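Okay, so subunit A shows up in both of these, paired with subunit B first and subunit C after.
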Partner chain A sequence: MAVNLNTPGCEIKERRLGSITGYFGTIGDMTRKGCEGCLKNKKRCFTTVSQCSHYEALGQLAAVDDAVIIDHAPVGCSAGQVCFNRIFNLNVSKMIGERGRNFRIMSTDIKESDTVFGGLAKLRKTIRKAYDRYHPSQIYVVTSCVSAIIGEDANSVVEEMQEELGIPIGFAASEGIKSKIWASGYDDYSHAVARTILKDSDERENIINYVGFSPLGKEYIEGFFERLGYKMNFLTARAKTEDYERASKAVASFGQCGAQSSYLCGALEKRFGVKYFQSHFPYGGIGFERFFREVGEYLGKQDEVEEIIREEREKYADRLERVREQLKGKKVFIALGATFAYEYTRIAGELGLGVIHTVAYHYDPRLDNITDERVAAAVDAIESGLENVSTSVNDSQQMETLLTMRNLEKPDVVISRVHETAPWSMKIGIPAVTGSASLNLVGYRALVEFGERIVEELKNKNFVTKLGKNFKSPFTEEYEQLKQLHFLQGGKEDVE
Partner chain B sequence: MSSYIEKPRTTCSLGGALAVLSSMPGVIPISHTASGCAGNLSNATAFNSGYCGSSYCSGQNVPVSNIGEFQVIFGGGNRLKEEIESTFELLEGDLFVVTTGCMTEIIADDLYSVVKEFEDEGKPILYVNTPSFEGDAYVGYDLVLDGIFNNYLKPVKKKDPTLVNIFGVVPLLDPFFRGDLEEIKRLLEKLGLKVNTFFTADQTFQNIKSAPKAALNIVLSRTHGVKLAKEFEKKHKTPYLITDIPVGAEQTDEFLKLVASRLDVEKKVVNKVINEENKNYYSYVERLADLICDSEFKFYYHVVSNSSTALPYAEFLEKELGWIPENIFISEALKKRDIPGIEEAFAQKKLGGQLIFEPHATQIQRKMTETMVRSNGSFYQNTHTPVYVLGSTFEKSFIQKSASGGLYVSYPVYNRVVLDRGYAGYRGGLHLFEDIFSSLVAGR
Partner chain C sequence: MSNKEENRKQNCGSEQQRVGCALGGIYTALAINNVLPVLHSGPGCQLQSGTVLAKLNGGQNAYPYQETIIPCTDFSEADVIFGGSERFRKVIASSMKYYKTDLIVAVDGCTAEIVGDDIKEVAESFEGSDVPVIYATLPGFKGNNLYGHSQVLKAIIDQFLDGPVEKVEKQVNVWGIVPFYDATWQGTLVGIEKLLKDLGFKPNIIYGRNKGIEEVKKIPQAEWNLLLSPWLDLDIVKKLEKKYQTPFLHFDHVPSGPTETTKLIRAIAEFADLDKEFVEDYIRDGEEEYYYYISRQLASINEGINLPKTFSLIGSAAAAVSTVRFMVNDLGFVPKKVYIVENVPEKHEEAVRNALYDLELEDKDFELVFTDDGGLPAAELLQEETPGEVILGSTWDEVLARDLNATFFPISVPIGPGLIGRKSYFGYTGGVDFFVDFYTRLLEGGRTSI
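Moving on to the complex of A and B:
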């Protein structure tokens, strides 16, 4: 089932794309099974915390222009948003030269009595209050586990209030229990904005949409599109309503990754016929060439693209050579989101690094496009000779990642971001570098810079070495002896 | 019908419970919730309480039953049982505490029978109901400690007359909890007492186990830990003392005298400690005089903090710094029954300024703006400026726009890093002097 904008809520990744959160094997095996549609999810006997779609949907929606978000949930559900306020809001504001303002999230603070007597009156009151206080251009109501399980028809309140207040009010049915993949929250955000602020248009302009967390690193790619005669339209944190309205006029879209961007790009393609480039991401040298060749072919700018590629290759050849020399024989362990895990695996290969293991926080065998094109990362991996690289899929199960990391060969460096893998690796004495999920991974420039970053990290390991010496394992001694690599239940496959 | 909250400065009871458990030595939480709850909540605290981060089995590493739609329909008991089994097999810990979230409470999983099975095998485990809709993080603090101290631990016959437990300082929601507790412990030890703080690095599971032996529970808050101490008295016959967390020399002098009077510590001993500490304290403070008079550092101040710390901070600013009070905001959503206690303390301390109970971030900002009088051009007009704010990072935009300075002391704090810094006691008072004046000279 693909993107369907006619329903108030969207289908979760597990059902829409066949995505999984439990796997242990090799990249070749996983991608091949994925392509054939026979990839099965596995359950665990021991799980640790992850994140939920509700949390992600809130963070994405709150970063939309001057939107106000009503979190129809108990107070704790939006508590963690202070984090996203910093990442998606204040930092991005600085980046685009605007004065930051805090996220505008109002929690309906569902209490036990509301679970008995209903919270719709409270929801209505909060929407009115939000409108009175901020006069926003749009409001989004996000539902939670609790409001869903008590069977609240929040959508009808949304429709009713939209009529009363006369501004667009979006609805995101984002219950954390709906999906085991927190990235389903990005779909909820995409679904809500696609139904609320995307606008029909007959015109086409020379613009390319970029869907992602933030415009961080746009200087790595904007210039190339300009040379091809196209401007970029950023559908990222702090994007304006006009940016969303303009999106349907674009010639094509591409996304930061499959997990975050696929649904909105897919919705633009399905509803407005905006081409979605989803076979390759422009990351590292190989990705850059493949992506721009695809773009060039579609836009009829093959010659210009070839010229850009030639220039970029030459420009960074020496530095790349040097960095490869410095990283010779080094090995990495990677733990990142569904797309970036395998993008970084390929990039590590390009830098001449050995990859001991790659953990992906979930895996999408396909993305939301209407054509049957090849899926990014999956086929790439096989073509790039990464077939036998050991890999696992866990929804940020950090205890499991720690187990895998300790019981396999010790890496020289760990590539990860947020979700606690990096702190664990540092605590056991292995340096970690951030695998950024943004445009500053584009092209040969980023490839070289990332390589140099690892070289830098390895120059002085005193801090992590000392941490490692003071590490106390959380595991029992008996368990340490088992040298197990994961908590997946043996053989028992389950598609729950 | 309760009301909405705008930009809450708290998490939920599960959040508070996990914050407590993650700061206790040897205690491992098992969260019977959907996959996201504990993760989101740890993001709220690990990065927004002075970057306290996570530790052993906390943060992103909390074992969780990870229930989904399937368990909502068919019950989550089996999944929880499996998770507990695995946790015992895998993780090294002295005590395992099962907490719950909204979903598992609504579907009414029978925790009692699941946990009972393990208890009967002699495993160190208990459960506490901590659904989000039960209350905020501070309620979670009370709930989970009540579970450990008043349900799990058995009463003892013999008390240790020199042992005290410290309650009321809420891990992570009080960003300086470790530094504060360390200072309180240092001072009480000087009086010849033994101190269980439960949350500082020196503590082990033995401290938790020895808690029922304590001769006195000292609750450093008018609201948080009070119920816990009352129940504690019923179960373990340990009396309690409810007071404020002392900040600076004057408050700490009083605090030490108060504790001493309750525990028959000799006056001579107390006075000796107070004299020693004051001598040290004022040897530093007196040297500040040069800076203060040279720079004319005199401010109208606002305090935005939780009910445990707002009054002590305000008292410090008024009585030690000699600044002029404006508003004291109690920034968590308190239950009605907690308000009279705070008002009483406010009156007792004879503090100036207005005491305001206000959980909404923009309302706080509006009320702070209101106190500043627009200039009418007259040289002699009192505009109630310059303004200094002791608040959370939520007050940063006001501080940058309208105030002359500010220090970030209450949750959420994400524009400074807190390790062992604390503002309690004598050393804490010096730290507070140091940080306030550092913030004022930082631009030089």
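Moving on to the complex of A and C:
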């Protein structure tokens, strides 16, 4: 199964890519099974709150140009967007020197009576209200658990209203119950924009698409592409309709990670033949070299790439040496999203850090590229010797992460980003540093800076040490004594 | 209803949500130490309400049950087909084993309600277990987090509290402050507790630091209940009056600054028949303290600063009444327009209106708008000739204030990512803190006269 832009909704990651949210073992075992198509998901016997695809789809779509989003849902299903309004909207606007405005997400406010009598009339009314208030160039209708369970045919209203208003109206079937993986919401966004604003083109230009959350850190990598004779086109939050329209003219695309970027890159490849690079990410030194060599070969710019690599390597060699010396013998615990978990695992190795365990929130054994190149984690398992690194996939279940962390060797530092691994590790006295999910992680510069950040972190641990001493566990002895590392059914590997 | 009013209440097409859905009611449970909500809802439901009620509302998180460890069935497609009651039962049973908890509140959201999972039956099946289990149905299609808040409190009163008990002299329960939703709830409750103690009472507060199941159990034995809000928790104190014959004093807001704080103290003194001389001494001291601090800052706020005089406000009913009273009665400002954006039930609109216009102001020609559409204020105010030089509201309104070239000051949920700590604008000293924070914004905003 692959990207299919002919249907109103997209296939979820589980079915399209064989993605999983439950695994415990080693990177080698997991990636091998993933490549062979026999990686099985494991269910949990105990779960805590997580995230949903609806939340993510809204946040991505609302940051598209001047779009207005219609949330066909009870009013609370867009309440959390106040957060993404800040991250993907106001902050990114500032980054790109724009004045910025608030997200425009209108709820159809499905009430109890609507669950009985239907809410399509409200959907029409809300679309008209959105148009009257903002006169946007495009509207997206996003469905929810409630509208899906009561069987609303929202897409028919979308088609009808598109005709009435004469502007493109996209549709994203993004009900939270559809997929166990919240990152499926990124696919819903990608599917919707791909069907609504991507444009055919016969021309090719020297453009490389970047698909990601934000253009944060773009100046650095833009410089390298410029030396190869290419300009970057950013399909990130606050991208303009023109940027999406231009994307089909590009020679290649790459993304910030597999979870967020794969579907849109895959759609561009499938529909317009824009090459999708996904086997290597330009993160850290090794990733940077492999990524640019792969790109350089495709573009016929091998010599220029070798020069860039030589320069960058030399520029940071001394600092890197020093950092490695300082971090010798230190060990980390990593908990991040599907791609960054394994990118940071390799980066930790590059810095000379031992990796005790890596938690990924989900895992995609393949991505939406039409070629048969392996995903980055699978490549790394072989090329970077990560075969035997202990890993789990856990749907950001912090109870599981905590249990795993406490049952294994105590790490010197935890690498995570969001989903609250950091506050929980700090509560039990373990320092945490934040990983990046942006172009700020590109190259030797980022590698060295990240290493130096850890060195500084370890110089003064007073805050977490004292926090740890004052920790009052909300958990019972029974939980604290659990030997199993996770709540996966039929997979109770005990720690010896 | 006029056309315009109709338009404002068209019950769909609301944007910029300043409330969570009913499931956000779990934050009321989370504010009571060691009361654990267990969810039968989608995996993202908590996050949606938690973001607006906690994270982006003063950078709050729950404690000790920080959000990511809240048990949840993570309702999925399979549960639609096969039903999720059994999985819910298992998650509750595991929660009892894994968490130190005094009370479990089993709640469900939209999806479980639509497919008809019977959480009452699930909760009741734990009868006799070590940890009591009560339930509350919290589907978002039934109401917002204030509905959820009420449902959770009613569940506690109906399912957890025993029948009538002996009253304890001087004990007073405090209501009307919705934890998390009112970002300043913790600091405010500490302030109210101190005031009541100073006046000789035994305050009983169920939310916040060191407040838990013991305080909850003491609810029936209070001599009276103190309600500090325009409409919220009125149903709760009435319920307690019926079940435990506890009378209540309804003061229509949490007072900030000297004028309203003094009114509250006098109202309490009259209701509880306190010694007049003692109370007036207390008031004199409080007012003196307020004016001492204000007087020490007067010079700098009147030194070449182009001070504004007018404001518009967008917020919850509670925040609106507290803030407008202080802005008008003590700071001498003139309101232009007030938007109440929390879906006040129609039967309470009159009370909110009365509370809001009860001001020491001759010309009360400002407009009050009830709406659930957070996008409406911007749509309207940007068209106004005099929209107000200050916008008091939530973090959603920062952009509006910028576009109006007005000063923004956060007073209502979601106030933004800035950390709240123990801040409160309650009482005499709270008035000082409001004054300080507010004028700091004005001064740092560069409103110079040259």
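By definition in this document, the second predicted complex is superposed on the first by the 490 of 496 C-alpha atoms of A that agree within 3 Å, B and C clash if a C-alpha of one lies under 4 Å from a C-alpha of the other, contacts with A are read in each partner's own complex, and residues count from 1 in each chain.
One rule holds in what follows: contacts are C-beta pairs under 8 Å (C-beta built on N, C-alpha and C of every residue); 3 or more make two chains touch, one makes a residue touch a chain.
Small disclaimer: the values here were computed from a predicted structure and weren't measured.
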item: Combined model on subunit A where subunit B meets subunit C, clash or fit; value: clash
item: First, second, both or neither for A:Ser78, with subunit B first and subunit C second; value: both
item: Touched partner set for A:Asn102, first subunit B, second subunit C, both or neither; value: both
item: First, second, both or neither for A:Ile110, with subunit B first and subunit C second; value: both
item: First (subunit B), second (subunit C), both or neither touched by A:Gly255; value: neither
item: Touching partner for A:Gly217 - first (subunit B), second (subunit C), both, neither; value: neither
item: Overlap of subunit C and subunit B interfaces on subunit A (superposed complexes); value: 45-55, 74-80, 82-83, 86, 100-103, 105-112, 114-115, 122, 125-126, 129, 133, 145-146, 149-150, 176-178, 180, 182, 395-396, 398-399, 419-420, 423-424, 472-476, 478-479
item: Residue ranges of subunit A in contact with subunit C within the complex; value: 45-55, 74-83, 85-86, 90, 100-112, 114-115, 122, 125-126, 129-130, 133, 145-146, 149-150, 176-178, 180, 182, 395-396, 398-399, 419-420, 423-424, 472-476, 478-479
item: In the complex with subunit A, residue positions of subunit C that touch it; value: 10-17, 19-24, 39, 42-52, 55-56, 61, 64-77, 79-80, 90-91, 94, 97-100, 110-111, 114-115, 139-142, 144-145, 372, 375, 378-379, 395-396, 399, 414, 417
item: Parts of subunit A lying in touch with subunit B, wherever the complex brings them together; value: 44-55, 74-80, 82-83, 86, 100-103, 105-115, 121-122, 125-126, 129, 133, 145-146, 149-150, 176-178, 180, 182, 395-396, 398-399, 419-420, 423-424, 472-479, 487, 496
item: In the complex, subunit B residues that touch subunit A; value: 1-8, 10-15, 31, 34-44, 47-48, 53-54, 56-57, 59-70, 72, 82-83, 85-87, 89-92, 102-103, 106-107, 131-134, 136-137, 333, 361-362, 394, 397, 412, 414
